[in-house]
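In the part that follows, the structures are each spelled out as structure tokens.
Shared chain: chain A. Partners: chain B in the first complex, chain C in the second.
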Partner chain A sequence: MKTAKIVCAPNVSDDAYAYICARFARRFGAEAFERETDAQLLGGFVVLFDGKVYDMSLRTQLSALRADCEKE
Partner chain B sequence: MESLGLDITKVPIDLVLNLLNIVLLFLIVRTLAYKPIRKFMDARTERVNAEARAAGEKAAEAEKLKAEYAALLENGEAVKQAQADEARKAADAEKDRILAEANAKAAQIVREAREQAQKEHDEALGAMRQDVVDLAFDISEKLLEHSITDDDTKKLADRLFDSRVGGEESA
Partner chain C sequence: MATEMSAFLRKKIESFSVKPVVYDYGTVSRVGDGVARVVGLPGRRYGELLQFEGGAFGMAIDLEEDGAGAVLLNTGNAVSVGSRVHGTGHVCDVPVGESLIGRVVDPIGRALDGADIESDTYYPVERPAPDLVSRRAVDTPLMTGMISIDSLVPIGRGQRELIIGDRQTGKTTVALDAILNQKGKDVICIYCAVGQKASTVSAVLDTLRANGAMAYSIVVAATASDSPAMQYLSPYAACAIGEYFMERGRDVLVVYDDLSKHAVAYRAMSLLLRRSPGREAYPGDIFYLHSRLLERAACLSRERGGGTLTALPIIETKGGNISAYIPTNVISITDGQIYLESELFHNGVRPAVNTGLSVSRVGRAAQPQAMRKVSSSLRIELAQYREMAVFSRFGSDLDASTRKMLESGERLTILLTQGKNELYSLAEQTALLFLFKNGGFDGVSPKQMRLAAAEMLMKLHVMCPDTLEEIDRTGDLSDEAKRALLECIGA
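Right, the complex of A and B next:
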């Protein structure tokens, strides 16, 4: 069974978590999900599935934005 | 004549004898003394002439020396003037060299100071910029952490699943 591990920020509600699982199952065919909470994410979620990482966390996006600012 | 104690009868003989004595004495003196005296006188004249010549030569030599000294003096003045000019020229050259060196040193100091100031300005600006970025992101993190909603999370999910790749990274 293909299990996906979803790491969420503390402010992600069950409703939003269910929505993410439904879309992920439809898109990638995952059959089971494992939830984990990480306050470092600040917001959004990270999915680990089939050896791949799908990072949609605010921390990563802010870090990318910050790197662009420091580059200028 | 008696009052003088002279004997008249003898006077012509005495006179004659005296005269003869005188003549004889003269002849003797002339014979004996004339030549030496003549010689002496000639020698003295020769000596005087020689001394006169020597004096003349000395005077000429003195004159010559005087002329030489005058020339030397004049030349000395010229040499002294030339030396003074040479010394002044050397001093001027040294002054110019020192001035040029000082100007170059001053220019270098100014240039280094300017470079240092620019470097410190850039460093300060960079540090300040970094502080601003840090502050901005700290504030953004706090704001986002408390303001993100479920709809925002769902939009993140839609963005991931609608894009071909999404936030995919290798694990």
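Right, the complex of A and C next:
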């Protein structure tokens, strides 16, 4: 069974979690889901599925913004 | 200023598009003794830096279909089974540049002596050696300040000369003296410690600092307490730092102290990675480990800037056995070797160079004319003396000519003996050898020989400083200079 691990920030609602699961099932064929909570993400979520990380956390987006600012 | 900053940030935030960051990840399936086995993580490169969950870094050195073997670079960070790992897309690199001069760094460029290293330029630690077309023949001497080496086993800039010998035979001292002798000669020196005791590295640093050598030197250190991975990387990092200067037309001297411990660290890593052990349990690519490092020493062509990187690797032998696995490997890679012998060392001959087993395959071409003129017959004289000395032990009835030869050989041996950090310029070496050949020390008892040589040098500096200056400047010993030197001793 193809299981996706979804690590969410504490503020991700159950509805949002259900939406993420549905999208992953439809798009990538995930069959089961494990939920974990990580406050260090600050916001958003990270999905680990089939050897890939799909990072949509606020922490990573802020890091990318900082890197973009530091370029100039 | 504050308004500008907030406007800048607002502009950046408005134009920033939120995109998912997607990358491959693997999972640690086994970890221990500084080595981790990772499952998954396809598409990795050899030598790529991997980042472990929790911030630890490793380097992928075993690539397999279903995963990778990695060596951990920082042993302090906890890596556990099940930890996630992802590739960084970068191979292991090290900061390079002028800001490293005078500094002590670890193999990944972190300062070990205080303030961070400020450098915008990074070089990968593993780089290809300069190709054939980029090279030229070794033609410039790298004087070590030691008569026995500069006269008998001369080193040229861009050469690879192995320093080999048992423990406690003065290998590090010879290498350090070579560094100290580069003062004022525009040569950048790099001392690379591999698997040495921290106290030994500290003593080396004290010597370099006390002699003002840190002004042109860099120390790259991976001590015995560092992980095998750091010890493995250390010589490559030192070489990369040196290449930066070489590619800018500078002359560089790199001392690898020592490659025996480097081979041992690599063997530990390979066994932990479960690679097949070969002879003496070393992995099959142990030769390539050192050949790819030492091939990076080069004398670049004028078109490539003319820079040079001279390598002085050190190998420690056991019981004087130079035909062991690692010593023979490195002997065959290098352009010659300086063999230091325990017996000579304990008899007070320092540097304890065994002139019979020491050789320089390319250094003769770079040897200054002055030195070539006075050292051509030295090797034969020493060999004859050693042979005769062995036979003379069996009998006391020696004829006058044999006795003369023995006395002369003994005096020559003492002339080639120098104290630690007691270095001679080209002119001083040339003058001493020339005067020795021309009877300047005849009649001096061997016990008085060192004193006589010191007095002779003082006399030369007082009576013919211009001649010495001329030899140093031209690198040649003219007939006029010969006459001046002979006049000085009243011959």
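Convention: the second predicted complex is superposed on the first by the 72 of 72 C-alpha atoms of A that agree within 3 Å, B and C clash if a C-alpha of one lies under 4 Å from a C-alpha of the other, contacts with A are read in each partner's own complex, and residues count from 1 in each chain.
We adopt the following convention: a contact is a pair of C-beta atoms (placed from the backbone, for glycine too) under 8 Å apart; a residue touches a chain by one contact, two chains touch by 3 or more.
Just so you know, these numbers come straight off a predicted model, no measurement behind them.
Once chain A of one complex is fitted onto chain A of the other, the partner contacts of A:Met56 extend to both chain B and chain C. Judged by the number of chain A residues each one touches, B leads among chain B and chain C.
By the document's definition of touching, of the two partners only chain B reaches A:Leu42; chain C does not. When both complexes are overlaid on chain A, the residue A:Ser13 reaches chain B alone and has no touch with chain C.
Contact with chain B, but none with chain C, is seen for A:Phe24 once the two complexes are overlaid on the shared chain.
In the superposition on chain A, A:Asp68 contacts chain C only, with no contact to chain B. Shared contact residues of chain A with chain B and chain C: 48, 51-56, 60, 65, 69. Touching chain C in their complex are the following residues of chain A: 48, 51-56, 60-61, 64-65, 68-69, 72. Residues 130, 133, 136-137, 140-141, 144-146, 148, 150, 152-154, 156-161, 166-171 of chain B are the ones that touch chain A when the two sit in their complex.
Residues 9, 11-13, 15-16, 19-20, 23-24, 26-27, 42-48, 51-56, 58-60, 62, 65-66, 69-70 of chain A are the ones that touch chain B when the two sit in their complex. The touching residues of chain C, counted against chain A in their complex, run 8-9, 12-13, 16, 18, 20-26, 40-42, 84, 86.
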